[in-house]
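All chains are identified by letter, namely A, B, C and D, in their written order; residue positions are counted from 1 within each chain.
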Amino acid sequence: MAGNSFGKFFKLTSFGESHGKAVGGVIEGVMPGLEIDMDFIQGELNRRRPGQSSITTPRDEKDKVEILSGVMDGIATGTPIGFVIWNADQRSKDYGNIKDVFRPSHADYTYQSKYGIRDHRGGGRSSARETIARVVAGAIAKLTLKKYGVDIAAYTSQVGNIKLEKTYNELDLSKIEDNIVRCPDAEMAEKMIEYIDQVRQAKDSVGGVITCVVKNSPVGLGEPVFDKFHAEMGKAMLGINAVKGFEYGMGFKAGEMKGTEHNDEFYMEGEQVRTRTNKSGGVQGGITNGEDIYMNIAFKPIATILKEQNTVNKHGEEVQTTVKGRHDPCVLPRAVPIVEAMAAMVMVDMIYLNKMYS
Amino acid sequence: MAGNSFGKFFKLTSFGESHGKAVGGVIEGVMPGLEIDMDFIQGELNRRRPGQSSITTPRDEKDKVEILSGVMDGIATGTPIGFVIWNADQRSKDYGNIKDVFRPSHADYTYQSKYGIRDHRGGGRSSARETIARVVAGAIAKLTLKKYGVDIAAYTSQVGNIKLEKTYNELDLSKIEDNIVRCPDAEMAEKMIEYIDQVRQAKDSVGGVITCVVKNSPVGLGEPVFDKFHAEMGKAMLGINAVKGFEYGMGFKAGEMKGTEHNDEFYMEGEQVRTRTNKSGGVQGGITNGEDIYMNIAFKPIATILKEQNTVNKHGEEVQTTVKGRHDPCVLPRAVPIVEAMAAMVMVDMIYLNKMYS
Amino acid sequence: MAGNSFGKFFKLTSFGESHGKAVGGVIEGVMPGLEIDMDFIQGELNRRRPGQSSITTPRDEKDKVEILSGVMDGIATGTPIGFVIWNADQRSKDYGNIKDVFRPSHADYTYQSKYGIRDHRGGGRSSARETIARVVAGAIAKLTLKKYGVDIAAYTSQVGNIKLEKTYNELDLSKIEDNIVRCPDAEMAEKMIEYIDQVRQAKDSVGGVITCVVKNSPVGLGEPVFDKFHAEMGKAMLGINAVKGFEYGMGFKAGEMKGTEHNDEFYMEGEQVRTRTNKSGGVQGGITNGEDIYMNIAFKPIATILKEQNTVNKHGEEVQTTVKGRHDPCVLPRAVPIVEAMAAMVMVDMIYLNKMYS
Amino acid sequence: MAGNSFGKFFKLTSFGESHGKAVGGVIEGVMPGLEIDMDFIQGELNRRRPGQSSITTPRDEKDKVEILSGVMDGIATGTPIGFVIWNADQRSKDYGNIKDVFRPSHADYTYQSKYGIRDHRGGGRSSARETIARVVAGAIAKLTLKKYGVDIAAYTSQVGNIKLEKTYNELDLSKIEDNIVRCPDAEMAEKMIEYIDQVRQAKDSVGGVITCVVKNSPVGLGEPVFDKFHAEMGKAMLGINAVKGFEYGMGFKAGEMKGTEHNDEFYMEGEQVRTRTNKSGGVQGGITNGEDIYMNIAFKPIATILKEQNTVNKHGEEVQTTVKGRHDPCVLPRAVPIVEAMAAMVMVDMIYLNKMYS
């Protein structure tokens, strides 16, 4: 209600600031009896971790999750899983000089206005460091989805103007982790990496698009009329830091199309109703139809750039600011596991909700 | 929870099928003392009504809202407003021939799969007729927003490949209602209307984009980290029938941009913190900053086309189907008030939520 | 959220004032495929209806429910069931003289204070007439519970100082409807009726206790730690007009007991774990254990008495008031179906919630 | 939703088992700018802590709260407060012998049935150790209430058959902490302590009643018709371990009364509407009227007794069990701060909700 929880049954409540003691959360609705594979969870955290490669921030946050409850002898008991990730690398003095400054296109001004107070250190609550809690919950959601045979994969499909023309079904999604930009097309990945490197050297940042695909979804997920499958998915993705747009199926391209082009005819594949095309993106009337779900999520270039900018401070004075230190020129490679985490949480929650009708 | 409610405090719970007795709803959280201007509400319903013009469906549903509670002597009492709109023009026999058929890209198959039963008459619950309840609630939300000086306007910015190049601030939004397609650029409107007419004659349908603008928003709306302003707005829009995509601010274009291009520098305008540019679209860190909020909503071409299509029926047989009768070749003109209604509901709900911090 | 909804999945959102056009509601989460037996629903409404007998109010409200959605050919489709009960017998002029007066122990003053406005006619939203919506939803919940073999019965166990000493399992619950006070002990019923008649002649009112029993509950209902089975049940009952107390199992008597007296030893009955005694009232640790659930609900004497009382009006003047007209000297007989309705709704909701773990 | 959260705006989500690593939680909706007085919070924890006196369990859990987020320089920032209390004294081997046994009137059987797995060590999630998280949140709620001038006090008013005849307004509530049983009547406290000591020596346990009083409540709290003030308060109290009943105002005694006895006449005290009597207990129509709120909460004797009992184990075998070690013969003295904590949380949440109408 107050904005720190996601999901209805499979529910994450997160807490923590960038430079506080810890980031953590409580996960409710974990299936009793589920094996909690700590290596898998840690692997997911490593995918999100800064300092993985030359194109991401050199901070090594050494993110280790500590589970405090809800698991006994490696098995989920169905009670809430409390967890923390300690903030080892705080260095809050780096941020002393921007204590009162509203950095352009950051959340400094809006947090100050809304709450009358803010933790200025590294963005505080508005920092993407909070997403570490989502990756933990998402990893447990993925473990749950294995029981249902559902597969989720996300990849970087655009960095700046470098755009993958191939659609997800023309790509080999098993190659996503083969390069540091997490693009399954090796050639395009090369170009993206090169471009990000240029941007980094120019002390600038750049946006992009992540594509996310869900395969083997059960039929019937989604709760019309307001909690349609894609409405929940869209909210999940729009809640990720720096996201500016969401589309599924044909998305904005559907706006250019005619019904004769967009409609997906049904046919029978054995006992199973299938569609010959999948312009709908696996969702019709807000409910999954069993076809692949695919969606695009647009990220803005992050606001932290290492150049001088004009701005104001909280005393209403116009000042100039230059951020020093570490930054990610392009967040997309690290955002890939976050997108997957949100998708996994939505899937599990929707599967649970759909049990009502059983 | 079960998907028929929208909002936390200003909350609509809707009910009703296309060809049942009535569509209606319950609106909670209406400000006690608010004058309920029935003419205004009816005016909004008239904007959504079918049969307004040659380019919309010729059904005249004569939508009159009847308020059953929560209003005394024209004034809201703060108790829930129950209301109904009777379904005068049911003609359900038109639908007898498609009783067991899953129409391509409609919700027939997914509803049948999820619930094991469906009201096949005119799409039942999945019909856009349900949005009439949203327009009623949205009208009351708009009456509430007048107290706060907030303005909302939506318009058709794209029909098929006919796209407005001008941005919202290059247009005169007072001209939206000047033409039947609800596009404030008269010349482009002409082209859109002509195109829709062609599509109609070809028994086809066409998609498009609606742009929605919110001016004079209070600073501070939105509840991070999961219920960010734009995440709630996105969910609201994605919950409208036929919507496939949502973006705000630079949206997908932000994916192509650099930080130096996208960042909005702050300056002081008197006592007020302002931004020189507004690439952010009035939202930073998930919280409104007082600048204009602008967003695009992509609509697919509606699935109802008057041509023969291949499909299957609920007995697993492959059949052909041709829909007869009335249809909207392009829903965008009628969707404009629906988009505004959802935006208005989100705004009021967010304003209420923000009172927590007062 | 705003207080007009009950339940999470099997959810009623009610609307309506005593003297408005109608009372009604929206019921979500009705099992698709459920046969909606209108005669049964009407029968439940008749049990709640005023004017049933000499000891209840002589108003004949002729409460007929009209279902507007969610049901096709008598079968629930899984979409929300909207319904109204028209207020035939409004006679609001009876209430003109108390327009500005705060009647002692009514909700007049508190509604006026909270909302700044109130519908004074017959108590408006605070009138027990609203419970008619609960009886409709409760009837549908009962129809659902038949699928699960769950039985619910409530009865008047106390009127003033006339108290049934026998516990529920010493009574024949099939005799509840045999008399107008709804007490299954014929002799005690006689005394209660006589006493209520005296109270009525004295222009006074009297309180009492209703006992509610749920048999054949599934094991495992309830969501600790905050949404324990009995916590949800308690909230349900305390939300009924005029209720002042709730207890289950030994209730307040448990406060006098020792562990050796109160503990219920387990034993095996075939494959089934059972308890030899049932002091726990069918709930342990907030979760049902399959034994009978029994609870008591205390009702105050209703505030409407036909005697002159001192009070104040909304202008801050001390005045005297005498209510004229019709009143119920004792609401308990009519509250019996309301108690059952709330219990039924809680049971269905809890059964749904428990499906999460399947 | 899944039962581990309490409150809508001032919301606690708790986690943790008796013998896991830690108990903790996340508190949302803490007023930004609130001074978080750690000594006060610790003082509240000390009141709940075991081993305080000869009549409570001799375990010294040394409960120290560690705050992980949401507070900067001692001031709440409005972001969620994550916290943990480490479980120092785990000794889980004490519980090895009851691993598979369902202890009579504990939650062992119901947890096993619901989840198919349970943490048997010390009751796991069903242990009252979880209430430590409530005391932390309650302490922060109390700090918030100081801003509103609201006072909350609870005390032991009954232990077994030893019952305080004096009502709350005949007692000096400043003396609650003067004795180890937390009863403000010194003479009765003496008797209670003596009685508990006898019970302890008899290896038995005993129940009782806690009375809770809220003074200086704002007028207007509560959200009819389902979320009435006392319905929320009742749910809060019934969610505390071992609670079997809740009443407010005259409670069950109201069932014996007539309207002429129970009605509270209004009068003017200066500008303020007051009632001459307060049988209503400060709540009318589910909304506070500004008079004192008083309520009773009944506790059963706790199930842990040091005597041999018959029971069954999870293999369906009938066995005998004797709990060894430490136990509380009477939980009431330690439950007093828990009752206050729940009352404080409800008050803050209701105050926030009521801001909607401002």
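In the analysis below, contacts are C-beta pairs under 8 Å (C-beta built on N, C-alpha and C of every residue); 3 or more make two chains touch, one makes a residue touch a chain.
The structure displayed is predicted, hence computed values, not measured ones.
The most distant chain from chain D, with centres taken as the mean of CA atoms, is B. Here B-D and A-D were compared by C-beta pairs in contact; the pair with more is A-D. If you average the CA atoms of chain A and of chain D, the two centres end up 39 Å from each other. Between the CA-based centres of chain C and chain D the separation comes to 26 Å, rounded to the whole angstrom.
Separating the CA-averaged centres of chain B and chain D is a span of 46 Å. Touching two or more other chains at once are residues 1-5, 8-9, 14, 29, 32, 78, 114-116, 125, 356-357 of chain D. Residues of chain D that touch chain B in their complex: 1, 9, 29, 31-32, 78, 352, 355-358.
Interface residues of chain D facing chain A in the complex, by the touch rule stated above, are 1-5, 8-9, 11, 13-17, 20-26, 28-29, 32-33, 66-70, 72, 75, 77-82, 84, 114-119, 124-125. In the complex of the two chains, the chain C residues touching chain D come out as 1-6, 8, 14, 102, 104-107, 109-111, 113-116, 125-126, 130, 158, 160-161, 199, 204-209, 219-220, 222-228, 230-232, 234-236, 238-239, 244-252, 254-268, 271, 273, 275, 279-281, 284-289, 296, 298-305, 307, 309-312, 316-318, 354, 356-357.
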